[in-house]
Structures are given as structure tokens and as C-alpha cells.
Amino acid sequence: QFRPDGSRTLPYGGIPTLLDAPQAPGPEGLEAVLVGVPMDLGVTNRNGARFGPRAVRAQERVGPYNHVLDTVPTAELDVADIGDVPFRSRFDLAMCHADIETFYRRIRDSGAIPVSVGGDHSITGPILKGLAEGAPVGCVHIDAHADTSGNYEHSKFHHGGPFRQAVLNNALDPERTIQIGIRGSAEYLWEFSYDTGMTVIHAEEFAEMGVKAVLEAAQRVVGDAPFYISLDVDAFDPAYAPGTGTPEVGGLTPREVQALLRGLAGLPVMGGDVVEIAPQYDATSNTAHVGTQMVHEILSLVAVRKRETGL
Amino acid sequence: QFRPDGSRTLPYGGIPTLLDAPQAPGPEGLEAVLVGVPMDLGVTNRNGARFGPRAVRAQERVGPYNHVLDTVPTAELDVADIGDVPFRSRFDLAMCHADIETFYRRIRDSGAIPVSVGGDHSITGPILKGLAEGAPVGCVHIDAHADTSGNYEHSKFHHGGPFRQAVLNNALDPERTIQIGIRGSAEYLWEFSYDTGMTVIHAEEFAEMGVKAVLEAAQRVVGDAPFYISLDVDAFDPAYAPGTGTPEVGGLTPREVQALLRGLAGLPVMGGDVVEIAPQYDATSNTAHVGTQMVHEILSLVAVRKRETGL
Amino acid sequence: QFRPDGSRTLPYGGIPTLLDAPQAPGPEGLEAVLVGVPMDLGVTNRNGARFGPRAVRAQERVGPYNHVLDTVPTAELDVADIGDVPFRSRFDLAMCHADIETFYRRIRDSGAIPVSVGGDHSITGPILKGLAEGAPVGCVHIDAHADTSGNYEHSKFHHGGPFRQAVLNNALDPERTIQIGIRGSAEYLWEFSYDTGMTVIHAEEFAEMGVKAVLEAAQRVVGDAPFYISLDVDAFDPAYAPGTGTPEVGGLTPREVQALLRGLAGLPVMGGDVVEIAPQYDATSNTAHVGTQMVHEILSLVAVRKRETGL
Amino acid sequence: QFRPDGSRTLPYGGIPTLLDAPQAPGPEGLEAVLVGVPMDLGVTNRNGARFGPRAVRAQERVGPYNHVLDTVPTAELDVADIGDVPFRSRFDLAMCHADIETFYRRIRDSGAIPVSVGGDHSITGPILKGLAEGAPVGCVHIDAHADTSGNYEHSKFHHGGPFRQAVLNNALDPERTIQIGIRGSAEYLWEFSYDTGMTVIHAEEFAEMGVKAVLEAAQRVVGDAPFYISLDVDAFDPAYAPGTGTPEVGGLTPREVQALLRGLAGLPVMGGDVVEIAPQYDATSNTAHVGTQMVHEILSLVAVRKRETGL
Amino acid sequence: QFRPDGSRTLPYGGIPTLLDAPQAPGPEGLEAVLVGVPMDLGVTNRNGARFGPRAVRAQERVGPYNHVLDTVPTAELDVADIGDVPFRSRFDLAMCHADIETFYRRIRDSGAIPVSVGGDHSITGPILKGLAEGAPVGCVHIDAHADTSGNYEHSKFHHGGPFRQAVLNNALDPERTIQIGIRGSAEYLWEFSYDTGMTVIHAEEFAEMGVKAVLEAAQRVVGDAPFYISLDVDAFDPAYAPGTGTPEVGGLTPREVQALLRGLAGLPVMGGDVVEIAPQYDATSNTAHVGTQMVHEILSLVAVRKRETGL
Amino acid sequence: QFRPDGSRTLPYGGIPTLLDAPQAPGPEGLEAVLVGVPMDLGVTNRNGARFGPRAVRAQERVGPYNHVLDTVPTAELDVADIGDVPFRSRFDLAMCHADIETFYRRIRDSGAIPVSVGGDHSITGPILKGLAEGAPVGCVHIDAHADTSGNYEHSKFHHGGPFRQAVLNNALDPERTIQIGIRGSAEYLWEFSYDTGMTVIHAEEFAEMGVKAVLEAAQRVVGDAPFYISLDVDAFDPAYAPGTGTPEVGGLTPREVQALLRGLAGLPVMGGDVVEIAPQYDATSNTAHVGTQMVHEILSLVAVRKRETGL
């Protein structure tokens, strides 16, 4: 990354961290943290997202500067890569969720704002529970799937249901939640979204409305209270992000998603995640690349918020 | 695929069929059939489309629900994967064409509507001959190439000429044929398209007109008489469909093609195919994925037609 | 595959089954069955072996003839691909093991000899329990890992322990078990192998001894009572089988393993499996290929046994 | 490529040349030349662009006809593939630049218009110096990076600075230079662009303006005096061109760039290049493909210019 | 390649030819020729070998020196890459065979010794017919398949039968033919080999005998009369040569084949070929690499023969 | 890695280091260090080895136990990953060599034994100069190339000459140097090896002699004075290590090299490196895997030496 004198450390050199941030042993004392959550026991199809954090760490040359938002988040924030959530098991999904929840409770208590890299999308359930239980937050959720399904094959912890769990755990306010990019064959699993008042914008509606109208909807839905950003990379069309477990044809472009995220600058983001990067299916590494860029975009929003109003 | 109770068979499990449809030994007694045509002796460049049906069968998680058209075609139709066209030879292109024609004549006689997976585009010649000879049909043909070239290197059966053959065989009505997405260096081979009154919309014209205007043109051209849908995956930009034999830069997006196909809902589709998937060149499996989705979209049109007016 | 008249169905055509065998709904009435077990919740590192059965079904041109053993097993045996073990969950490892055990109990009761395709190696625990509980069998176990580890991260069902579970379940006779190809960093997890009297031949010992001496050891260990064959593809050097979750440098060659397996011809094999094929890591498809060949070799042993002594 | 009688040489056959043009030993006596510059010592991240010319030569089926501009440039121009710039060293960046400059001076003296294939973008510095020193030209520069950085890690010859070098060498007129597609984290390295009066259109501005407005800006900036076209394939979104050393999320589409280039038809193009194709990262070969198409588009502009006004 | 002063042209630069040999328009006046035969209409499974010559041309750094045989064949022989066999059709297998025969008749008449790159193995039929009809030669044939099958699916020109055709055309002496590396499921198609007195060494026999004994058998079989060398890359184990259409598990290693070929030095080789390289399946490019090396080894034998006895 | 209680940290989790060793800011106070040298400006063909250290860090599950040598080197030694050599330039080969030399001089002064990961093989020149100048050491050099070439294209710092440079710098004792695995076309560049008394064992000699005889030769050559181990992964056959810049057909197997290295246990190894891993060409990641294993084997030798005699 660039240093003040214009020189740059080797992008392909050294021990790799998320966004090339410094390392720290935990969130205490930091304004923001980057966290890996290498767990994919909640997937329903292609697995491998457990390698997502490693793939994002290995990505070269994303950040540090964000010229559209005019910020260098890793410099403007006290931020570090604090490693991965410690897991007691790599076999038991429910136990993993408990471990995630515990870890994010600690982050919440530290006051640091987390930007996380999955792992499958089921991690967002315990993340929100750990961060916001009892004080439901808003959410900009960008995904091909609404992920508000219920019990499925004897488990409620799968990656098709974290936003239902978050609402039921009093961690997510559905009326302040917007779901963008929804498409594919699972529509009738998303009744909970409609029943609880979430705003759902399907991929074909996105194409009709255009990115500006969608952004206005997002701003209206989240308002100016704290909100979370959750980006499932299957929101992108598979041409842009083939490396994911449940890809859906006909998705968003990175230009569209960047415009959306940048349009949220100044609003009180209280955390975010980028999930479902499965590098085994990512022959070009495009998915790790676009996912890393989105981590940078979300962290940039944290930095802008700090600059404008403090954290 | 989802079952009525919301559970879903393992997407990666079991013996794979086209769209996870049930199997049947032949078309008799069915309303629609899914057929593989693993033949690529008609290609002029990169071969391998003989593996197309196998790649589409292996694709997980496309369908069964189509939420834009609100249909579950594999449930609403009596439909099955009836396997592949039986071939007497894997060396003789003309003999393969004869075998295809024979098989589709049988399908026509059964009354079932076929949606086929190629194989190279030359298969559409004998398919149309088998289905429609003597009663020419309309066609929505989406492709980078007009495929109306004549004799070439001592053969008329190559993949650059099926739509000429279909017209000459009195199986295709050129004035009710629209060709969409045409581009690349072979333009002067397509005189037959212009001479016979086909409507040709080049890729750069598509970008100018927008998808709605193209859709209106397609609706106007095919009218309300029976028509066929033929989708060559090289119509897509190579970013979306690299796994094909004669890719052309500057193509359509899946969102555009989905909008086009969905806009045909209610019209009397009498068959369709998705061709030129060459999985050897499909490092991300995106091409098999988008091709499978298009098979699902076409079968959805059959289901909508049945729902609205019967087949 | 070849037909009596010397013609051959298209290797790349049709609905793919294991070894291109016919399909059947269950084991009843068959002499042997081919089964997929697409479950990989027991892996400790790279996952994806849930796609193993699909990859083996897709493989072209393995069998039907085995010219070294002079048998056409799919013709000489009443054998079919009976699909995959039905699972109630894709999230709960213990529940999956229960489902496997139930299914193999049914196979045992049918009298059919199963040759299975994993899935991760943890499946061999419930397979042996279902097939042999109460009547422990011998085993030729070819693997980079002895897989006799105990409880690990709160589970005993992981892929590092099936042979311990099988002994503890009274399904496997350790003194009639030989483990071949062992290497890598987990040696001190394999105490159970030594304590219970298994014969362990490490990869470096294999290289020293040569394949004939190893074969003689295997024949001596299993004797002439019923035995099972379990082949973890990580037994092969990664050059031959990169597509697996816990590869280990310095492994066996397919020539060596073929010589070993063929040397068991005539002995009373009562089942077998080939596990840990993870096609996401198999850029050349070599792993699926060699795995499929080994399924063919094992089924050939069943056919030879039938020919020589009846089943 | 197509011959007058409609037949076509085998696209995959023969000794491959750039655009399947004939070979010549040097530029003398030709109107245009195609040149490879296999040098990538100037890259700052992923290397491999030294294999770019070989990848473009291997690409099948681009050209010869350009139906939008209605030209067959390899037929209308006296043009040949004259091979690669001869290098004295593959270790010394400065020496390579001197070799490039010498070679392009020879091309300039021959009167031939060069269209080059890199190699990394640093080659454009000595190319412009060789072609235009003392008579600065205009430039349409399409890239994710402005490449006007100064000395960096003790060298001024890296791929982040050729357009600064060209201005300083009196070979490029900054006020007649437009840079299109700029994005990513290096913005503050591009002060020289602004200070010298270049027109810079960032990727997000491109999306806002639309391709027509950008084209008008380009026409206005270059005017009707001689200008050069330099296309770094990282201008494209990585979905379209993954095979490059410093990809940036959120780029242009080939349809947009084709519209831009075709819009320059008739203007006095005096040379062009396509750079930064790194085939090691090009799993689908899409990057080599789109790069080759762009070489064809640029050569088509040379042919149109000749047809309209002579060269 | 190395020049007398020890410098080397860029291995990745320039217009690529077979073994980096000079180009020539035809065989006349040369001692040896390198020829591409990009035709794969004879394959029975995975196609793509039509791209074999292009892949071998693209391979860097094979030759020019052969230190075991102490020869620089491209320097010691008047040799050139004369391009590819011209074909009238890419759709008609029989017509292609006629074109090949014609071209090799011309080579025979020129007196040059050809070393060819396929294409599928069916090309060896017309090559031998063109070179040797009426004066049958011996042959060292290294392959997983004996390729002496008869009419198959209405054609005798497929890649499973060239050595039968060559015998029937009086171009090959079966008693002076040795087939090495045979394995897989097609054994009962090879009766013609046994009936006509060919020597067949199966892969498992090779492993038993060792390379020295096989070499002695080969020397004994071919004697000291002119013989041809035909190497199907599927002779190698798929770990070494995955990029081929009908791979077979359990094959030879390059070290073994190199020892075999080098052991033939001094014998009167009158031509050779390396066939069945299908680069689409060659993710590592190992197959193109080992195939190119074998072309170099065969050409080295021609050079040694010249040095020892003249051609 | 395994912990004393048998549990293991997630192999795919956390911030990756070489052999999962702890991190340290420098060599001071350590017994051994793991170092990355991401520099590949010295390559003559395919580049990309600058990504070698990153690829080795990303490799899961190599070590910590070495069951053949019965050691856990990362536990028995005070060892850390101290990151990469800091470079002032990524454009200037000579400057990079100076930086390497400086860094290894510091390591030598610290008393730590370094095991390094390249980078191209040219790094071994300055490593040896930094470690041993004035006190020449012995060397076991395993490689396809002797790398004792002289000035080449105006540089002496390329990857074909480090062992010449080391001798000329009085850092390497040629009579105590053995070069193993040599093959390919560059033989006549290696005169310096013979002239100075190095022992050279070509690949074909290796196959003849067998690994035991080679090991004895190595033990005899290095004697019992300090020696260095340098392993170029192109020593392996490309089937085992495709991801390298100058692969050569007919190489060693990992089993052979493991036997060689393990046979050196107890001898006074004073450092080692594994070089030329180019992950862009490593579709299966086998090269990174085998390279990492060899780093583990070399570090194991350091641990055995410590155990037996102290360091």
C-alpha cells in the first residue's frame, strides 16, 4: 500500500492481512476491526467459503485510498486485522454460531466497528446477535437471496436464514431493512421478508429502477439510525463473482454496487460483512478481488462517518 | 429442487438430469421433453460442445421456480429428461443430422414440445426439419452469428448455416424470424438473412435500442403463430459465457436475454434449444450455468403458454 | 461402454451413472450395487468431496472390460447404480452418519455387495457399522492417513477416525486390517492402529519394500475371510490425485495401487469404497478419473470372486 | 480468415501471427505494421505480460472484417506482423526501453503506422518517444490508471509513468490527451495529468456521462491532428479482462470501448497499442480475446483513415 | 534457443514455430520437416486435438540441445517447420485423410523425413500410407491403445484403427511393429495386432519387465530396416499428460519413454509423430510440454542417424 | 497445526505464515528463521516466482511433525517467520541482490539458520554471499539446471548463474557441491561446474543409480562440514511441480527427493532454500504444496542437527 512518500510496500510481499492492515490480538482499543470468519457449515450447495478470509488476505492492491469518497480508511481509523473468530469445532454448525456470537459480543463491548469476511452467510446471524441483540439495527442487505427462510433440514442455522434469525433475536429491525438483488428459484422461502415489512428489490426491478432510485430507497429505509451492511457476493452476476456457492444468473455489476455503497457515505454504519467467497470456484480470482474491494468500500464508509460526525 | 414442503433434494446429489426433471424413455405421453444432442461435428473452430448436455445435467440449483413468470415448469408440465438423441456415428456429420431429424419427427408425432441442449448449432437445422417441415414456424434466434451461410468446405451441414437450411427445407418462415445479437467478422456470410426478409438486430444496435425496443420487435416479428426459440450461448458476451466455440467480443448480458425471453411469455412457443456450450473452455462453469438458466426460462414459457391457453 | 457387437455408447452422452451401470431404485435383488455418498461434513481441511459421486458419474470411458483380471464386471454381475444415500440433513454430521448406517443395513439385508463413492472418509464408519456390526471384517485400507484418531473438536465422526469407530462398533477386525501408504504429520494420532494390532505400511516403507512385498503382507493380513477395501484417494501422490481435501506429498502411484488391488483377486471382498474426491481441486479431472478406475478395479474383484466361488 | 471466395483458413491452424496477417522482416515498404513487445520488467504487481504477444497471436477468429466500420483492414492496408522488438536483455528495464525506442524510430522512418501488443504499459513511453519525439501527438488513453507517476523505487521507467515520460520527452501533447476509465487507489499519483492539462474521465464519471458524451469529449480533445491510441486492458472490468497485472474493480465493458474506438473513425490515428495482457491470469482466455479484438478495432481505424483521406 | 555465442532468443518471443525451427513453404530441399496436422474428426471421446500443433508451437524452451544424445538436431539437420497439412474440409474425416496422404506423398517424394504433430491418432494411417505404401516399414508405437480396430460406427478412419489401416494398405509391417504401454478397457478390439504378429507390451508388463527389457524387445522387433515412431501422449500416465482425449490410468512416465526413445539412437528412423495433445484439458500445459520434448527426442534420432550413417 | 493436546488450529484459518510458524520482526534471538524472498527479476522465461512466498504461506497442513525423522521442528527450534527481505526496488535486479545480501548478513550475524522461500534461483547467489562469504560452504543443490552459467544478456545476476557467483564470491566450495537432477538443453552452459570440481548427477544418471547411491554420493561430497541445501522445484518432474518458470521433462519424484533430504539428517546444515515456485502456473497448487513440504523437510534437518549435536 502507498506510504506518505508515495512509495508502496510490495503488494505481493510479506505476511498478508485483510486490506494490508496492521495486526492486533483483539478489538480492544481500536475504532474498527477486520475479522475473518472461516466457517461454511451452513451452505446448502457448493462449499468452500471457509477459505474466503484467506483468499481476501491474499488479494493484492485493494486500497488504501478511496478516491470517490476521498478517504484512506486504514490510515484514518485505528483499525487492525485481528485474525479469525476462534472456533471450538469445525463440525458443529450451532457450536460455531455460539462462538461467533461470543466473539462479536466482545467486539461490541470494545466499541470497535467490525467489518467481517465470511464464511457463509449464516455467520451474519450470530454477528448481528452479538453486536445488536436487544437494540435492533437497520440493514442494507445486498444478495441474490433474501435469506429469511426458517427451519430447514432440522436446522435454523443454515445460510438461507440469518436475517430471520436476526429479527427473531431482536437484533435486526425489518422495517429498516432493505434487500437488494434478489432473484432465483427460492422466492417462496422469503415470506418472512414481506410479512415483517422488509423492503425487497429484485434483480429485475433493480434493472428497471436504476441504481439512483435504489439508492434513494436504501437511504429512506435505513434512515439515520445505526445500520449494518451485509454483502453476499452472489448478489453480483456470476460473470463478476463466479467463486461462490449458490450463484444466480442475472445479477448486479460491481459498478452498481459501488454506486450504492458510496451513496451511503455519511450514514451511521455500525458494521458490515462480505460473505460467500468460495475461492475453489474462482478460477480468475475475480471474486476474491471484488469482495476485497467491497470490504474496502465498507471500511471507507466507517472512515467517512468518523470524519463527518465521529464514530 | 424444492418440494412442496419446502425441503429440497441435494442439488449436488443423485443421478443428474436436465433441470433435475424426472427421466422417461421417450417423448410419448408427455407435454414437454428435455433432450440432449451431444454432437459437435459442425463446428468451425473450438470443438467440445458434444459435452454440453452433460455439463447442463451436472449444473446444480437452476429452477424449479421462476418467480418473474410465477411458474414451476417441471411441476406444471408433464415433462421429462428423455436422454440424448441416439446417433449411429460420431464421425459423420450428415448421418448425425439424419438421426436428429428422425428423432425430432418422433417427438413431433408424440405431441410433446422439446427443449434441447446442444451440441453445436448445426443441430437446429434437422431439429426444425423434424419438427416443422412443411409448416414453417417463426423464430426468435439469439446469437452472435446469423447462421444463414451456404455450402462451406463441401458441406451444408456446418454450424454456420442451420437457419438457411431450415428455410430451404420449408421449416422456417424467414419473415417471422428475428436474429438478435449479431456481430463479429462474418457479416458478409449472412446475405440470405437479408434476402429472405429476416429481421437482424446487431449487438451494437441492441445497445442503442435497449431491450424493450428489441422485445417489441421480436413480438412484432413472430406474431401470434407458433415459433421456436434458438439460443446460441455465444450471443452472450464472453465474460458471461466463455465456454463456447466461436466467442465474439461485445455481446449481450444475461439480464438482457432474460428480459427478452420473459417478454415472450404467453406466445405460442413450439420448441427451443440452447446450443454451443463447450465446457472445456468454461473454467468457471458460468456458461453451463447461464445455459441451464436459459433452458429453464424457455421451459417456463412453455408452462406459461399451457396455463394461459393450453398447449 | 462396449456392447456385445463391439459398438459403444457415446462415452460423453446420456444420463451419467457410476461406471455407466444401469439404474435401480434400491439394492434388493441385485448382486452388487454402486452407491454415492455425497457428504463431506467430516473433513478437517478443504471441503468439496460432497461433489465426488457427481464427478465419478461424469467420468467417461472407465470399464467395462478389465483385461488384467479378464472380467466385465457390469456384465457379469447383476449390478446397478442405485443413486445416493438419502440424507435428512446437510448440516448435521451425526445425523448423516445415522442415515448412512441405516442405508447400508438395508444393503446388507438385500445381500448385495456395495461399492461406494464418497464423500469424505468418515462415511466408512457407518458403512462398516451397517454392513458388518457384530461380525467384524478384515480390511485393506489404502490411505495417507490411518484414520484411527479419537474424539476431535467435540466429535468422533470426523474423517480422521472411521477405522477406530469401526473397531469400537465391532464391525472391523483390527488384526485383519492393513493400512497402506500412511505418511504426513498426523502420525501420533494413529496409536489406536498400533495398539489394536493393525498392520501399518508407511509410504516410505512401501517404496522400500516394493509392491509385491506389500501385496503379500496384505494377503497375509486379510487371509481368506471376508474383507472390505477402502481407498482414500489421498493415498496417491498429489500429482496423480490433486483433487482431495488433505493431500500429502510423497504418495503411491496408480500403477502400484492397481497391482495391489488386482493381487487381491479371488479373495472374498464384501464391499469397498473410494473416498475423498474433491473435484473443485481437480483442475485436470485426473482425480475423478483415477478414482473411477479404482471403483472399476474393486467391482472387478467382486466379479472375479463370483466367477471363482460364487458370491 | 475469410478469403474472397468465402472460404476461410483454419482458425486454429498454421503458424500464428497477429490478426493472422502475413509476416514481414521489418516495417519498410508497409503502410502499417503489427508488432509484439514482450517485455514486462516495468510491472509493479503481477507479472507475465511478456507473454501477451504470444497470446494474441494464438487467438483465433478475430477479424478480418469489421462490419460496423465496413472495412477489412488486413486486406485494405499493406500490413504485416513484423515480429517482436529485438531486446538485448531480459533483465534491464532501461536497456529494454532504449531498444524499443530504437525500433520505433525505425518504424517512424519507414512511414508505417504501428499497432503494438505489449508487454506492460511502460513500453508506451519509448514507443511514443521513438515515433513522435519533437512533434508531440494527441492521445486517447483508455486505462484504469493515468500512468503519469514520477520516479518510483529508483526508476522512471515503470508502467505507472509512460505518459509523464512521453510529455517530458516532448512526444505527447497533454492538452490533446484524454484518459478514460481511471479508478482505484492510486489517484494521488496522477497530479501530473491535472497539472499538464490532460482530460481525465474516471470510471464512475464514465458511468454517469454515458459513452456518447465521453466520445464527444475524446473527439474534442484530440481534434483533427495526429493522435495515438493506447489501451491498457485493465481499463475493462476484471470480469471481461481478468488476465492482467493490476486489475481494478468497476471498469468499462467491451461494448463501451468498442463504441468509443469506432467513434474515432476518420480521425488521423498515427499508431496504437494494446498492453498489459498477462495470459497466466486469463483462465478463460477472454483477455487475450478482447485484446485481440481491440487490435483489430485500432487497425480498422487506420484502414478507414486511409480510405477517407489517405494515410 | 541457444545461439553459438551462448545467447538465446526470447523463449516467449516472436512468431512461434515447432521447436523454434525456421519456416519453409514446403519439404523440398530439406532433410527433415516438422509438420502440424490439426485434425481431430477421428476421436471417439474428448475432442480438441486439432489445437495440438498450435500448443506445441507455443511451448517455450524445448531443445535445441539434446545432451544425452549429444546433438542439436535443428542445427545439424536442414529442417524447417513447413506449417500444417492443408485441408479442404473441417467436416469430413475421409476427405481429411485423403489430404494428409497427398501431402505426405509429397514429403516422401522430397526425400525429407517428417516429424509430425497431431491431431488425433487417425492421422497416422494416411501418413504411413503416403510415406510407405508398397514398402511397409517397421514401427515403434507407444500408446495406451493398440489402435488396430476395424470399422466402427460406419467408418474405418477413426483414431482406433490407423495401424490396421496401415497394414492393410501395405504401409506397415506388423511383424516389425511393437506396441508399448497398452492398457484400458478396449483390449478385445486389438485382435488384429495379435493375428498379424505385432508385439504388444501392456502397461502392467512394462512395469514388470523394466525399461531395458522393453527397449531390447523394441530393438529386436524393428531390426535395422527403416521404421517409424508413433507416440500417442495417452501412453503417459494422465498425471504427466492430462491433456488428451482418451486418457487411461496407470501409464508410462516420461523418464521411461525418454529412455526408450534414446535407446533407438542410430537406428534408421524414417519419420515419426506425436499425437492426441488436446490443450483444452491441459490445465498445467504439461501435456504440450512433454509432447514437444518427444518431438525433440524423435528429431534428435533423425540427427543421430544422419551423423552416424547419413540419411 | 497440532497442539500438544491433539487439537489443531484451523489449517485454513488465521493470518498465514510459513509453516504456520510464529512471526518475529527479525532474526535476532532465534535459532532458525523462515524468510520469503519475493523477487523474480532474474528469470529467463516464465515469471511469477515473486508470488512464491505468498503461495507457501497460504499452503495448509504441512508439518508440524516429521514422522520419518521424528521431529517437530517448529516446536523444537526457536524459529519464526520473519517476513520478507525488504527491497528498495522491484525493477532493478542488481539492487535486489544487494538488498538480499545485506539481509542475510544480518541473519548470519544473528546466528540464526535461515530456510528461505524464493523467488527465482538467482537469490541463492546473494544469500550465500551474505551467509558464507570468505568461508565457503558445501552444498546439496537439487535442480534441473546447474546454474553455473556466466554473464548473459549483460548481467551476471540471472537465475542461471548463482552457483558460479557463489564460488567466485568465495562463499561456495565447488568440491563440496553436488548438483542433482540436471537435464534439459542447457548442458553446455555448465562448464564451470565441471571445471571447478562440482559433482553433477544428471536426471538420467539418477534413474540409473537409484536414490541410495545418489544419497551416498551426496554424503561423501558434503562431508561433515557445514553445507547449504538449495532446492529448485524444477528438479521435480513437471507432473509434480508444474508451477515453475523453466520446467524440464523427465525429473525427480518427491519420494526420491524426500529420501535424499532425510538421508542428510544429522549433518551440519547451515541454511537452505526452496525456489522457483510460480503459482500462476500451478493449477492444482501441487507445486506450492511440494515446495512447502520441502521447507518442512529442510527445517526438520536443522532440528535433528540441534537435537544430535546442538546448532
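Think of it as A, B, C, D, E and F in the order they're written, each chain with its own count starting at 1.
Rule of thumb we're sticking to: a contact is a pair of C-beta atoms (placed from the backbone, for glycine too) under 8 Å apart; a residue touches a chain by one contact, two chains touch by 3 or more.
Since the model is a prediction, treat every value here as computed from it, not as a measurement.
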* Have a look at D-F, D-E or A-D and name the one that copies the C-E interface, over half of its contact pairs being the same. => A-D
* With respect to inter-chain C-beta contacts, which pair, E-F or A-F, contains the greater number? -> E-F
* In whole angstrom, how far does the Cα centroid of chain A sit from the Cα centroid of chain C? -> 40
* To do: Averaged over CA atoms, how far is the centre of chain C from the centre of chain F? Could you give it in whole Å?
  => 38
* Asked: Considering chain A alone, which of its residues make contact with at least two other chains?
  -> 12, 44, 46, 50-51, 90, 153, 237, 239, 281, 283-284
* Hey, how would you classify the chain contact layout here, line, ring, star, complete or other? -> other
* Under the touch definition given earlier, write down the residues of chain A that touch chain C in their complex. => 40-42, 44, 46-48, 50-51, 88-93, 95, 153-155, 157-158, 280-281
* Of all residues in chain D, which touch chain B in the complex? -> 1-2, 6-8, 11-12, 60-68, 237, 239-240, 253-255, 258-259, 283-286, 289-290, 293
* Structure fact -> Per the touch rule, the chain D residues reaching chain A in their complex are 44-46, 149, 152-153, 183-189, 202-204, 207, 237-239, 242-243, 246-247, 249-250, 281-284
* Asked: Can you list the chain C residues touching chain B in their complex?
  -> 10, 12-17, 23, 36, 38, 50-51, 53-54, 57-58, 81, 83-84, 87, 90
